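Across the two complexes that follow, chain A remains constant while its partner is chain B and subsequently chain C.
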Partner chain A sequence: MPLDTSTYNLALLRVDGRRWNDLRRLHGQIRTQAAADGSSYLEMGNTKVMCVVTGPSESARRGGAGGGAGGPAASSSSSTATTPNGAEIAVTIVTGGFSTVDRKKRSRTDKRVQELQAGVAKALAGALHAHLYPRSTIAVSLHVLSQDGSLLACLVNASTLALVDAGVPMTDYLVACTAGSTSGHGAGDEGADPLLDLNGQEEQELPFLTLGTLGATDRVALLVCESRVQVGRLEGMMAVAADGCGHIRAALDRIVRDKGAQMVREGAIAKGESIGMDLD
Partner chain B sequence: MPREAEPSLNEKAFFLQALQDGHRLDGRKFEQFRQLDLQFGDQYGVADVTLGKTRVLAKVSAEVTVPYPDRPFDGIFTITTELSPMASPAFEVNRPTEQEVLLSRLLEKTVRRSNALDTESLCLIAGQKVWSIRVDLHVLSHDGNLMDASCLAVVAALRHFRKPDTSMEGETLTIYTPAEREPVPLSWLHTPLCITFSFYGDEGEMTLVDTTLLEEQLKVSSCTISLNKHGEICQVAKLGGTPVDAVSLVQCASIALQKVKELSTLLDQKLAEDSKRRNKGGLLAELSAENAR
Partner chain C sequence: MPITILPPSVAQEPTRSLYQDGSQSDSDSDGGVDLDGDVSMGRPTKRARRDEAIVTPGEVITEDPQWMRGHGTYTIPEPPQIISSVAGTLSKTNKLLSVRPLRARYTPEIGDLVVGRIVEVQARRWRVDVGAALLAQLPLSAINLPGGIQRRRTETDELQIRTFFSEGELLVAEVQQLYNDGAAVLHTRSLKYGKLRNGVFMAVTGTGGGGGVVRARRQAFTLDISSSGAEGGEKIDVILGVNGYIWISKHIEGEGAAAESSGPGITRIEESVGLNVYSSQNDSIPLDTMREIARTRGVITALVENGLRVDEEMVTKGYQEAVEMARGEGEGDDSLWLGGEKGKRLADALVGR
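Presenting the complex of A and B:
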């Protein structure tokens, strides 16, 4: 069903009542699976994703990286990104058949899913210090429970949280966010506003991009745009998305710190001497 | 699985040092393409793109089929890519590499999802008969920058293609042979082309276009931008790699627009030349009674 965007200009409110620069409710948990090396659960609005990280563990393929005579163990359904002399990052995305309204079954060998996997894997490879783990594999398994826009952004954010839980060193949080524009693809639409964090309904209707940055900086690790938009709109949309990434980074950091503080309070771990941790 | 031979440490060091000094190994400028050649075959819908030592061939074919039940008014349009071991030992038959998946997704998004081809115009009888247009892309020689070459080849082949003319009289559909009626071009809405930028250096501060295979292997990250000459972006893909400054990506978009304008001009010119070559003397020559003897 097409979205009626005509009312936006009257009240400057979007279909779900947000203003142009509002994020949706972001709720996350870390260490949700006790048995996993790292795990997380992230909701961005109604998009819900679970992530489990296994590793860094010994590479599945025998003979080491040099031989290249790899077994097909990991390559059949996951996309991998290798770093020079470092760990291999294997990402698998499983989409629940119940995650969208129309209950469409998407196979794991679907090219769209493979592209998402490759995008997440390569973006993580740029952020992780994978060179510390030569000849190992870090397996990131993502499960999509519910889709309502900004799926790629949510996948990236969830895997960042799970990798923090797994204790894999990274330069900064890899965070992603979407931004759209209220313009059509005509050039003359000067009154168009950029919009932050689109939901599924808006994604159907408006041009949008997904931007992933390393922390709250302007350094772009991931940029994916699949809709027609004027080239002049790109800068505005990227600026808004980068701003959103900053807010998401703060939110993810809050989740990690809250969990840490909770674990110290419960006595699961000892409080570090060097880090001034605020427990209240 | 055989892999592409990686460049040696010496080659890498030499290449990066040269790049720091502002030189590329083949003496090109950073934003300069290799020698580009575009040729059309004798048949309609065959395009052969040569970009330096990279060579890509696209062939378009059409047949009449039954449409998908959920889209009775739309014709079928598919792009299949084939990276055979002929182009590089790293490619295997029947096992699509990640590069192949990303290439076919890129073409899909650039040409199909941006509605460059009006699929509704391929409909003959709603729900029963539609044209199915298929583009087969073959990589004949791989020396880097497959994305840009493939995209140009696919778009050129589709614009060059002519499908048999048809007519409807009551309930009967007639498809005419080329001898009976001149074949008609596809209904083409805009011409999207893509430009790939590769980034080098620790911070990704150096940008190259149209990289050779060696340069491609040494890149730290890359970004592919598809747009048409009117400045409409159809697709942007920067999938990971070293993070790059947002400002330089915006600059890339404006360079891409300029390059796409040049490429579209070249494509239009080549198409015009080809139609002139096919149409010697026009209608007057066709109607003349004089024969070759």
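Presenting the complex of A and C:
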């Protein structure tokens, strides 16, 4: 079924009943795997991603014999981003064959998957304080359980949650969100609304971009646009996406705070000092 | 059925049920789009945070220049602010502000008692996994020679380095020194330290995690198991490594990793270091002792699963409680399993819930 843009113009409702600036339901958990250093599970609408972080731990020995000696299986399937004098960030994405409607297995060496891996790794390298962990590797392993649009954004958000759980220092939450434009390339419709947080069907039909920011600021850490879009629309789309990122940051922050408050309540960690009163 | 499409009212704010960011949609100065109920595009204010239990990454802790930044924080020059970089609880030491993460890998500190596993043997040292970001190293010169002989390590020692420790073996050691990059150097030059045998290894979250080993007065202690009716030995040793690695073993009088805090120090090493401290051969362990070792392990697992701290007091109390529970239920060997509902009951009994 094609996305009927004329229907959108009548009711200003999208195929799933949202308005142009509605995010999908966002549900997340941290610390889902007890044995991992950090782990998370994130649902953005029907896109569902699980993330496990291992490390920082000592890098496999490099240099020595031929360079490629250290862990050939791992290095061939993951994309790494290195920081000067800091930890290496290795991202692996595994897509379940059941994650799309038509059962299709994407191999790990798929160009598309590698592109996603590299995108996540580079964006994380900019946000994490990796310089605190020289000679180490932070391995981020992402498992896609279900895909329905905004996959890259969901991967970025899930890895941020897992890294917060792992206690890896970062400048701010790295959050990402997609935005699209209701009219396609060529239509001279200047009043077209930008759309926030596209689902799978909308992604098929409309030009869209994925924008990642550092927290609720305008500092862009990731920008991916693979479709043709009129340059005049770009600013509106980016502004909407950046705003969506702010909301997602608030949602992720809530997940982390709820977990922290629960741990304090149960006495698992000592209560923090009440800085508010006597600090000012 | 007739379908009526109502004309839309003014675009609504995004679904808000999930986010209660508490911002009062104030001016979004430079954004091109003005969403209703917009989050303010600045850093979260301190005002909003007062009642929160923890701080999270990107949150401004203070703008007051009198404070210094510690671990888990970073500063920006303009405007001068101390900002948290991890999610955790705030701690103040005089004028130093730091954030203890909810959970993190172990960060070694000098004097920590750690349990580790040898992962690599090099010419004059071993590389030991202690659960930290980097492998720790144990120089050949930082171990006791069998028989307690005091001398320089020669080439002969280097050649037979694997007779002391080889790959995969477990040891208990102390952090002696730290490098700039955070890597630790260990030593085992005390009778309390050395190779581990006759027991079972388990790994839980280290310090800084919810429900893990905490730094305490004593990390290693002896547990009296006579109350359980065990006939073999009456004691087992428990070593709670600060890094979250735990070793539970049969107690051997006056040898090796025994935990007596008043045990012989470095001065009496000559006469007391036995020749078999580097043996990898287990002694025979009575069935009763094995059972109690397994029970202790179950107690620690239950403590961790229920988010309680693991230290001498909790393990000792938990063990007594587990013995009582087993006696009350009379389930025989089934009483060793302390997961799920039983673990919850044990934890509840311990904290008096």
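Criterion: the second predicted complex is superposed on the first by the 259 of 280 C-alpha atoms of A that agree within 3 Å, B and C clash if a C-alpha of one lies under 4 Å from a C-alpha of the other, contacts with A are read in each partner's own complex, and residues count from 1 in each chain.
As a convention for this text, a residue touches a chain if its C-beta (ideal position, glycine included) is under 8 Å from a C-beta of that chain, and two chains touch if they have at least 3 such contacts.
All values reported here derive from a predicted model rather than from experimental measurement.
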- Message: Let's test your reading of the overlay: on chain A, do chain B and chain C clash or fit side by side?
- Response: fit
- Item | chain A residues touched - chain C or chain B, whichever exceeds | C
- Message: Is A:K104 touching anything from chain B or chain C once the two structures are fitted on A? First, second, both or neither.
- Response: neither
- Query: In the superposed arrangement, which partner chain does A:L124 touch: chain B (first), chain C (second), both, or neither?
  - Reply: first
- Task: Would you check which partner chain A:A251 touches, where first means chain B only, second means chain C only, and both and neither mean what they say?
- Result: second
- Task: Using the superposition on chain A described above, determine whether A:Y133 touches chain B (first), chain C (second), both, or neither.
- Result: second
- Message: Tell me the contact category for A:L26 with respect to chain B and chain C: first, second, both or neither.
- Response: second
- Message: Once chain A of both complexes is superposed, is A:D218 in touch with chain B (first), chain C (second), both, or neither?
- Response: both
- Note on the structure: Rounded in steps of 10, the angle in degrees at the Cα centre of chain A between chain B and chain C is 130
- Which holds for A:Q114: it touches chain B only (first), chain C only (second), both, or neither? first
- Task: Please work out whether A:Q230 is in contact with chain B alone, chain C alone, both, or neither, and reply first, second, both or neither.
- Result: first
- Message: For A:A242, using the defined touch cut-off, is the partner it touches chain B, chain C, both, or neither? Pick first, second, both or neither.
- Response: both
- Rounded to the nearest Å, state the minimum C-alpha distance from chain B to chain C in the superposed three-chain model. 10
- Message: Just to be sure I follow: which residues of chain A are touched by chain B in one complex and then by chain C in the other one?
- Response: 214, 217-218, 235, 239, 242
- Which residues of chain C touch chain A in the complex? 5, 8, 11-15, 18-21, 30-33, 35, 38-44, 46, 49-50, 52-58, 61-62, 64, 67, 72, 74, 83, 85-92, 97, 100-105, 133-135, 181-182, 208, 210-211, 305, 307-309, 351
- Message: Looking at the complex, which residues from chain B come into contact with chain A?
- Response: 1-3, 98, 101-102, 104-105, 108-109, 113-114, 221, 223, 227, 230-247, 249-250, 253-254, 257
- Sites on chain A touched by chain B in the complex: 68-70, 79-81, 111-112, 114-115, 118-127, 185, 187, 209, 213-214, 217-226, 228-232, 234-235, 238-239, 242
- Item | Complex interface listing, chain A residues touching chain C | 10-13, 18-23, 25-27, 31, 34, 37-38, 55-58, 87, 129, 132-136, 164-173, 194, 196, 214-218, 235-236, 239-240, 242-244, 246-247, 249-251, 253-254, 256-257, 259-261, 263-273, 275-276, 279-280
